[in-house]
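Next, two complexes with chain A in common: one pairs it with chain B, the other with chain C.
For the complex of A and B:
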């Protein structure tokens, strides 16, 4: 160990490059991984992931004989950023470079690259479902978790315009009953006030005496499902045109049709739905094959025979378990299937992730780095052990 | 319910006085032939021997059964196939044997059967007395959420399932034993009976064809509801229900990969009036076995012809290739032999440690090396046989992780011993090996299912099974070996005094460090490979799934140990304390997360592991506490010196 630095930047660098910090960060990461795993039993995967791993900090309630004691902890996001800085300072900048440390350097740089891959994926990855019946085609996939309020404009002839306004969920999920927020856009002739967001809700007929009901209906909260995909959200809105009367409505994910309002010469369709993304190609499901182990109901293989259509050009492809179809940065996976009276439906997961293959390169580098390093250690250990043996 | 009971009484009267000699059913050639009979179960072709073993294991808790019966005074124990043959051909005796294992006697008390010991075994004839109550309670308990059921409720449900499964198996030959002419004449008025019972003999197969015609021509219906019900009931009880228990008829159509049960062939025959020749021949040959079993000179040739016919069909279909290997795999019981030799090696190596530096120690080390190499040989040979039979890499189930990890620990342990030559490696390998083989055996008994099941769709990928799964399990093995070596350190430090103790302790610490490095390398690479597999399969690299998190925790703990060592935060005691903690985390990741029964990797959920797991955590915890004690003592000595 070199002498302790005296200057402030030197001290800061020493802190960020220290083994002590590495141990602290890794220990906290270990702890929140453990707590976040146990928490899934109660709160489900998505919520536990957001609370423990996608966060800067969190409050974990320690249950001591029925009493909950709040324990503040660093979140996964913060820990991974600090870990990155720590590796950069300690294992890259400060490290004495030479043949003896080449393995250490390679493996640390590779892990840093993996963290970057995770960060890029966290920021830019889109992922959603594309369910298709046999014969059906689509070039859209919709998010598993992200809800939006979208407003479409139709002109007097009924021709659809572009989306007039999209309100992402981060702007309205905090609006529990009693809280409201008003949204407006330059080319919208009305303001829209959103309130009463419920993550999982049912819409029921309101009692006649119930004054909070909207058009005879009311929103009823339902206990959140453990798997967020199963939640059916609802919000209440009121459309306030610059002239004319205010109109209230309930938006519900399971509603058969959007709420329509006429303002000026146009009509507007407003709905609460899942975020959708467009693919640069379309997928048509030709045939879905579900193979079972003979004599059982246990699946052996799911295969979707599809046609990839890129600007009119058709190309046959096969999507099956562990073998997705990749094109133009998008990946189409076989996720699940369902059977109904309408026939067999194959459900694909579509993902777009700029760092899709980065972990693979990183893995190869980590393995190489560690093998070089540990082999050098092993040779030293063995050569030491081969010296005259220690008697017991 | 009453009709079921009546049907049962009725069936017992069907059993004719003439029955085969039970000694014939234990004839070596007969048993060997039946053991090698290919059948289809759980989606794969396997020998009848495997079916019999796991059926008996589930019902009885063991793969053999003790016999104490007046009609079988010359025999004390039956193997699984012998028991199955007795059940088929002599159900009257099989129903007397104490078969059903009941963990809590309260379960039999609840159904009105006299309980014996707390955990005891009961015969079909004992349980049948409480049959109605058993059905009632099992139905009621099945309505309770499985997580909320008490142990006794689970026992009742299991008992009901086992009872009826055995009941159906014990009727496997009933159709062949039945005097159909007599039974049908008793049900039908003489006028109508003519159509059905005409001809010299009447087998269930002749009857099926005639019944089919009667059903199609609506003649059965015309006999009235009560009569037609009686005939159908007789048919269901003697033929269809027992016929569901075994798929042993390979279809004539080679493209069809689903083997048939008698229930299917006879239903097809009834429906269409005909059946492909091969299928009909094999289906009928099963019943002919019963008539042949009545004479010693006819039974053996009939069995051989029956088995050979099915085997040659299977061979034509390319489905016979691993059947004989599987029979020999189970017969050779590699892992029990491995257990014995590991245990022996452990004891011999331990003697060497107790009396170091003597010629006894030298010799015990030599003997231990030989026995442990033999044990590892059995362990690895058994795994290899499984790989060949399954046509896949060694690990895809929780059971397989146990035998594989044990083998890795043993190989790495012996490798370390080769260079350190202290005898410690031998003791550790013997101990872990014996413990691992014992755990594998217990796990199999607890799970009571074929240890070579067909896999879920997503797991059918030899590339990822060979890379990710193997790597991650080698990582587990490293972590387990490290933590057990740390336990040796703690025991050594507690009980061994002397001049050279410090050097041995240092060596143990170096060993643990090396093992942790080895474990981290494989755990880290294995975990990342898992992410890459997940990315190819589900479209995400990391999903914070419990099993993924478990693997990550092992990696993180390993990295903490390596960095703490390099940073000088831990030396000897700290290294061992953290290595023990790594062991506990590995147990959590290996078995603990499956107990949470959440996430995508819940393939290994097995009830009843909690107890063993908690014992494991407690032992690790205790050793960590002792390490803290060492540290405390060392610190106070330092303080005094200062």
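For the complex of A and C:
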């Protein structure tokens, strides 16, 4: 057994490379996976994912006979960072390198690569919906969860800028009624003060006597839906031009049209909506086919016959369940469908994830590492078994 | 009590000791923030309707109307949920007002309009003789007043103007459609006024 390190760096390295730390981290991961999965029932998928798995730490309320006891726990983010450091120190740096340990080394590096894939996905993955009616085409997809306040300029002839200014939700979701923040931009002839964010809200007509009403309407908070996609958020804004009167407005995700401000001959359409990302190609839905299990309304197969349009070049494609279309780092999946008076609408999920295939490569590498490791053990065992035993 | 072996126990304690250093501090609400992010607008994206009324923005389907050809929508206010203008220089105006309290009743409103046109007040008997028109399914009093028009807040009267209007009561609420402008212009747009009034409707929300 090696002697305990006496220097501080040595002790830190010993701690981060210890089996004890690995067991503790894996135990906590098991615990928060269990608690986070149960919490989905109460708080919905997105909120439980954010609280238990995307966090550095969290407070879990333990219900003991009706009394809630707050239990602080490390979050999934912290645990995975510590696990990565632990594997790097213990299973890569400290490991004795040689042919005997090559399989173990490959497997551990592959698991670390999977953790990196998760981190890259957490930072850079975008995912959203692209609903299309038959005959309709689009080259953008809309986030399921990310709300934005968007400012889009139109000149006096009605010509629109090809880019819109965007205030991401992380900059206004903390602005509950009573809190405000003012936003400005270099080329914007006015400032926007945002306040009164509600995650789920209705907009109703205000009574004549209601002093809080804006242009005859008021925002009414609604209990948050468990599934975040069902929430319809709202904010109140106050537009302050450098010259002229201040204008107040309600922005609501379900509004059919934006709020318009006219300044200096230009019109600015301001709206609260979900973030939209542009694709380098367009998808046109030609035909949507829904197959059901006989005698039921249960879906057997959804198939969308589409045309992928890239710089004017058209290419027929078929998107069906588990068979997506992939191009230029984007993946178009068949997600669902809806039926309305306007006809059948096929709903695609579009995802862009730089680490999309990394978990697959990681799994293959883990398997290869383990196969190498076990084969070497087998060969050693067989070679030892085949050696003639020396008589005592 | 749970007894952990020395390794994991030490690791757990160390993990909690480590927490305060890795937990990011909470953002303070700063007063001002620059907008730096943009997004590309798709050519497939539908152009939004600019200058939309709040009813159009919030999909308030209760109030519906058709704007007559050649007329334009003006700035809408809480008092005027529908506010239209007409004429070469938009000198004519026509709007719908809905007041929960009724603003004093039909006679008081008719006389207020007459006063704006520089005309004397009328009596209940005279009011009863006025023609009737239907406004959103409710029978109202049809008013035509010629004279010099003094709009709210104005100090000078505009001569040779005409006012057309319908005053109707719905319970305690009052419904008003009022059109005013130079007499010749209003005469030329009387048919359009009738079309506008006929197109106004209140829809009950779908169950």
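Here is the rule we go by: the second predicted complex is superposed on the first by the 363 of 392 C-alpha atoms of A that agree within 3 Å, B and C clash if a C-alpha of one lies under 4 Å from a C-alpha of the other, contacts with A are read in each partner's own complex, and residues count from 1 in each chain.
The definition used in the following text is that a contact is a pair of C-beta atoms (placed from the backbone, for glycine too) under 8 Å apart; a residue touches a chain by one contact, two chains touch by 3 or more.
Predicted model, so just to flag it, every value in this text is computed and none were measured.
**Student:** Would you sort A:18 into first (chain B), second (chain C), both or neither based on which partner it touches?
**Tutor:** both
**Student:** Of the partners chain B and chain C, which touch A:4 in the superposed model: first, second, both, neither?
**Tutor:** Neither chain B nor chain C is touched by A:4.
**Student:** With the two complexes superposed on chain A, say which partner A:275 touches: chain B (first), chain C (second), both, or neither.
**Tutor:** second
**Student:** Would you sort A:313 into first (chain B), second (chain C), both or neither based on which partner it touches?
**Tutor:** Once the two structures are laid over each other on A, A:313 reaches no partner at all.
**Student:** Once the shared chain is lined up, is A:359 touching chain B (first), chain C (second), both, or neither of them?
**Tutor:** first
**Student:** Scan A:211 for contacts with chain B and chain C and give back first, second, both or neither.
**Tutor:** Neither: A:211 stays clear of chain B and chain C.
**Student:** For A:335, is the partner it touches chain B (first), chain C (second), both, or none of the two (neither)?
**Tutor:** first
**Student:** For A:45, using the defined touch cut-off, is the partner it touches chain B, chain C, both, or neither? Pick first, second, both or neither.
**Tutor:** first
**Student:** Report for A:96: first if it touches chain B alone, second if chain C alone, otherwise both or neither.
**Tutor:** It touches nothing on chain B or chain C.
**Student:** So which bits of chain A does chain B touch that chain C touches too?
**Tutor:** On chain A, the overlap between the chain B and chain C contacts is residues 18-20, 23, 27.
**Student:** Which stretch or stretches of chain A touch chain B in the complex?
**Tutor:** 18-20, 22-23, 26-27, 29-30, 33-34, 36-38, 40-41, 45, 48-49, 53, 114, 117-118, 121, 127, 292-296, 298-302, 321-324, 331, 333, 335, 349-351, 356, 359-360, 362-363, 366-367, 370-371, 374, 377-378, 381-382, 384-386, 389-392
**Student:** Mind listing the chain B positions that touch chain A in their complex?
**Tutor:** 40-44, 247, 257-259, 353, 356-357, 419-423, 454, 456-458, 460-461, 464, 498, 500, 503-504, 507, 510, 514, 517-518, 520-521, 524-525, 528-529, 531-533, 535-546, 549-550, 552-553, 556-557, 559-560, 563-564, 566-569, 585, 593, 596, 598-599
**Student:** Show me the residue ranges of chain C that touch chain A in the complex, using the header's touch definition.
**Tutor:** These residues of chain C touch chain A: 5-12, 14-16, 19, 22-24, 27, 29-45, 47-52, 54, 56-60, 76-78, 81, 99-101.
**Student:** For chain A, which residues count as touching chain C in their complex?
**Tutor:** My answer: residues 15, 18-21, 23-25, 27-28, 56-57, 72, 74, 78, 82, 137-140, 148, 150-152, 154, 158, 160-168, 171, 174-175, 179-186, 188, 191, 203, 205-208, 213, 215-217, 250, 252, 254-260, 262, 267, 269, 271, 275-278, 282.
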